[in-house]
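First subunit A sits with subunit B, and in the next complex the same chain sits with subunit C.
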Partner chain A sequence: MLRVFLTAAVAVVIAATAWVFWDRARGPTATPIAGFSAPFVFGRFAVPPDNPLTQEAFALGRHLFYDPSLSGNNQVSCATCHMQALAFTDGLAKSPALSGGELEFSSMSLINLLWGQERFFWDGRATSLEAQALMPIQHPDEMDQDLDALITELQASRDYRRMFRKAYGEVSAENVARALSTFMRMLISSDSKYDRFLRGEVRLTAQEEHGRKLFMAHPDTKVSLRGGNCIDCHSQFLTSGFRDALDGFSNNGLDSDDDLPDGLMAVTGNPAHKGFFKVPTLRNIAVTAPYMHDGRFETLEEVMDHYNDGIVVSDTLSPLILEADNAPEAGQGTVGLRMTPDEVQSIIAFLNTLTDEGFLTNTQFSNPFEGDG
Partner chain B sequence: MRIWMTGLAILLFVGGALFFALGPQRTTSITLTFHAKMGDHPLVFDEFVYENPGGRGTFRVRDFRLYLSNLTLSQDGALFAEPDSYHLLRFDNPETTNSIRLNDIPLGSIENVRFMIGVDPEANGSIQPRGDLDPNSQMAWNWEVGYKFVVMEGTLRIGEEVSPLVYHVGFSDNAREVDIQLPPDIAVEGDVDLHMNVDVAKLFDGPTQVDLRKLSSVKFNRDDAAMLADNYAVMITPSFK
Partner chain C sequence: MKFKLLAQSVLFGAGLLMVGLTPAQSQTREESQGMVLLRGLPTLDTDHSIAIVELDPESDQFGELLSEVEQPDIQHPLHHLYYSPNGRLYSTGLDPSCSLAEIGLSRDSSGTPVIEGFTCLDTQGQIVGEDIMWATSNGQEYMFVTFMGGTGGDDGGSVGVFDTQTNEVVKIIEARKSQVGEGEPYIMYPHGISAFDDRMVVTSTIHPDMTTGVGNVLTIIDLNTLEPIQNIVVENEKPLDFPSSPVEVLFARPDMHADIEPAILANTMFGFETWKIPYDADSKTFGEAEVIYSGVANETAVPLEFYGTEDELFISHGLPGVVKRYELAALPELVSSGPDIVADPGAHHMIFFTSASGRDLIAVQNNLLNLGNAADDDPTDVDFIADLNAHTITIHDLETGERIAEVNFKERYNKGVDNVEGLFGSGFVHHH
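The block that comes next holds the complex of A and B.
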């Protein structure tokens, strides 16, 4: 009897050990993320063939995104500057730099990154999310982490070893970038009031609808068409910049030639791109103040004052901005849309329909180290 | 058994021979290369090097692009229409050219090329992405009107004074057909290489001559838009070598 029992026990142990080895040795077992929903009006998107969207990569990416051990001092995570409740911005004009002072640019929201421009950062210097993801980790003023040290650290953790194995196979810097990218690609916001309006589920109020029309129209005094011309740069459904080539970058009149930052020119070397910045998505814009690449505007009212009569002329200023004017008579010193206060308020009301509460509180996007993650 | 095999072999042979004899003949490929020009010279972006055709001042071009759609190739009444034929032609590259290539067209040769500058009313009224039509792109417009067909943006300078130039021409009525007859000897081994000039100058100096100072923007005014459409109707011409 004992003999039988012992033999059985040995067999079980052997089988279990074999399974453990086999499980470690075999390739990743990632499950593709099947048919996630995105409105057809968002249009086409592309996922790099060598980094398919999988549940395991998403889970790993989410952990990495919220894990301060990705930083040199183990105190800063991506989420420090990209907080879900603020549509993944940080609520500051400029985030504090590790070495004291502040970063050069304001943090950017992370929303619907599968669509819109295929370049990242305000000046478009990263040409894929994979290329972008390792930059803040190594940046001396952001997370200041040595990649080799990071990989050693991650390898020491059993949980990470398991998650990497399932998602990709090995623990590597490349796979850190891939997983973070997968997490960010899935940050899809498509249930704002505007989306529900587009799906025919709700009506906009008269003021919101007025604002929507103004947002979507370039003014033409010749045919008495009034407009805010936002659609000239912020696409109508995504509200981000355009995807093709460099169409999603532009100079919206923040600075004069004397103090115009390089912007996209730093990347392309083309002087016609001086002062061009990435046209940001306006989804969840009500919660991402302060605004613009340097966070110079505190409120949407200030943003609208800028577009309405605060445009600063420079050589590369968009001619669409310079030309868009709702007043028939020539301007007196100021440049801008010159809309009525009512019209300005209507556009702000429309911008408020872009807030997606479900996105800001979706537990799949929240910190996995807290609660039931 | 043997007899069956032999029968099958004969059948296969005859079938194959028939297939090659009667099946589709040669196919043809075509490359359409569009060269953006200002008059006789390649278009230059972002420099004040062009004279206002109808008045004072010099201007620069910041952006020029157009939709070409409904590309049809024909030979002797046999027609090939490219499916989902919507091409955005943009020229912001060092050669200021843009090419469209179609392979394996089921025509023995090509005698005639036809397309539209602009978009047909059906596609123009839809928000479904097709070909290069994209409702989230820069060519999307006021949705009551549809897409912009031809876009030219730039700046006019008169003395020290600069002012913006914005020409966005749309409206379904303003799509214009272009019909090009090819010379008989253009195909080389089933491959047609067709070059065409897209002369931006024609936009302001076609049937109607435009003073850019007086008419510095065209958007939703129907008469102005139709006038520019008649001008761009003659903008694309073949250049046979």
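The block that comes next holds the complex of A and C.
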């Protein structure tokens, strides 16, 4: 009897050991994202062939995104400045810098990054999401982490070794970038009231519909067309900047030539790009205050005041903004849309339809280290 | 007519102007992909289907069906595709059980467009759906659909007015010739549709059975009241000894080009002519109808579709299978802007796009209605129409008209091709 028991025990140990070795030796598992479906109207998107969307990469990326061990002091995670409830912004004009003071730009929301402009950061300094992902980690005022030290830390974690193995094979900085990119690519917001309107599921209120029409129209007094001119920079469905070339960057009249920051020019070296910043998505805009690249406007009303009567002319100001005027005959000596208060409120009402509560509370995007994540 | 807006605001998705593409971007370009409605050919035992086909001759996938959903349970196929201003895809249909449908589109995790299926909509008995356009009546936007069979009968025909959100019928605009008084406006076998300000125009084409009756008028509808208010006869020569059968119509208007004086243009399928009816927007009156293009004089027949680009108007002629091109700014006069694009018999619908290398192209679908080809023993009762089915989409250089390539759907897929539309049509405004 004892011999039988021992034989069985040895067999179990051998089998378990073999499974462990086999599991560690086998290549990554690429499980397609279950039930993935994106709105057709959002348009084409491309995922890098060497980083397809998989469940394993998403799970790893989600853990990394929320893990403060990605920072040098083990206190700052990506989520510190990108909070889900705030559409992955932080509610601050500029995030605090590790060395004191504040960072140069406002924290950008992370929404629908599969579409729109393929340069990242306000000034477009990253040409892929994978390139973008490692920059804040290494930035001395953001997460201040040495990549070699980070990889050593991650390799010391059995959980991470397992997740990296399943997703990509090995623990490496490249695969950190890939996993974070996959997580960010999956942050799809497509169930706002506007989305449901587009699918024919709900109606907008009269004020929201008025705002939608104004949003989509470039004013033309010759044919009595009033417009908010928003769509000239924020595309119809995604409400983000345009994808092709550098169309997704613009100077929207915030500063004079004397005060104009470099913006995209710092990346391209082209003086025509001075003061150009990335046109952000307006999805969930109601929860991402303060606004603009430097967070100078506290409310959507302030934003609309800027476009309505506060445009500052500079050499690189967008001509689409410069010429958009609903009442050019008014001759007020200022540049702006000159819409009525009702029209302004209608556009804000439409912007509020872009809030996607399901996205802001989706547990798949939440902190996996909390609750049952 | 399908008229491409110039406005930058609507060029976002279709990406008609592709510049500076990186190799990665080139792999994901979609404007060369066509949404097509394919008809199963009875002698070849194939089913009708909706499909996405690659039409860029420079692509390794040229001519391939990238996605396809078949319709084995529907006797007659879907007919014409239209995108709503909100990006929803609709199709009219020839089968009484599915005269109007909404087509579901999505994308998988690689970004590949996927046809999910289609839902037949309740038309409240209106059959043989033809053209769709979205227009406003008293400040409210509706989807207007012409039903050539209307609610049935020898002089049927209706314009269905649908709620743009729920797809429910709001009103059926119907006025049978046999029921209205002498000289009162009627609607019969409507097919083409177009509108300007508060005036809509539909054509009176032909009874769906192709034998019971043929029309020869345009019907003007007051968009304020949604009632027909006037008929305009467009008939002159009768080369086939049939009534003229006006088919597609375009309300040329200044928002297409600032220089355009408003006027209706109408093609007569059996008169082989293009007509012009001037419109005075101030008095809301139409001038005298006149022929501005004679197919008999120019040796062309069966003029069909109006399509527009930024600066040109294109009109397809089923025989001999050519697309003629005109200066957009000169409308409503037809001033040639270049030599004919020589396609195939049945030249009909078309799309415009750029190749991967940036070459401007036009793809022409060459089937009148694919009723069959007598030479192949496909069923048809109208031999004249049977000659108008090449079963091809031909691809041409847009500037020179040079024929670059073709996809023969009958040879490759044992099917005919009834319609083509750009894969992502939100960059277009459709006005038949």
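What we mean here is this: the second predicted complex is superposed on the first by the 369 of 373 C-alpha atoms of A that agree within 3 Å, B and C clash if a C-alpha of one lies under 4 Å from a C-alpha of the other, contacts with A are read in each partner's own complex, and residues count from 1 in each chain.
We adopt the following convention: a contact is a pair of C-beta atoms (placed from the backbone, for glycine too) under 8 Å apart; a residue touches a chain by one contact, two chains touch by 3 or more.
Model, not experiment: these values are computed from the prediction.
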Partners on subunit A (subunit B, subunit C) - clash or fit: clash
Partner chain(s) touched by A:L114 [first = subunit B, second = subunit C, both, neither]: second
A:A38 touches, of subunit B and subunit C: first, second, both or neither? second
First, second, both or neither for A:R203, with subunit B first and subunit C second: second
First, second, both or neither for A:H218, with subunit B first and subunit C second: both
Subunit B versus subunit C as contact partner of A:V47, first or second or both or neither: second
First (subunit B), second (subunit C), both or neither touched by A:L322: first
Subunit B versus subunit C as contact partner of A:I348, first or second or both or neither: neither
First (subunit B), second (subunit C), both or neither touched by A:L70: neither
Among 297-305, 369-377 or 423-431 on subunit C, the segment whose C-alpha atoms clash with subunit B after superposition: 423-431
Subunit B and subunit C footprints on subunit A, overlapping residues: 40-44, 216, 218, 223, 231-232, 235-238, 242-245, 320
Subunit C residues touching subunit A - in the complex, by the definition given at the top: 7-10, 12-13, 15, 17-20, 24-25, 27-30, 86-88, 105-111, 113, 164-167, 255, 424, 426
Contact footprint of subunit B on subunit A as seen in their complex: 40-44, 115-116, 216-218, 220, 222-223, 225, 231-232, 235-238, 240, 242-247, 271-272, 319-320, 322-323
Residue numbers on subunit A that touch subunit C, as the complex places them: 32-33, 36-48, 52-53, 114, 118, 197-203, 216, 218, 223, 231-232, 235-238, 242-245, 320
Touch list for subunit B against partner subunit A, complex: 45-46, 62, 88, 90, 92, 127-129, 134-138, 140-143, 153-155, 163-166, 168, 216-217, 219-222, 224
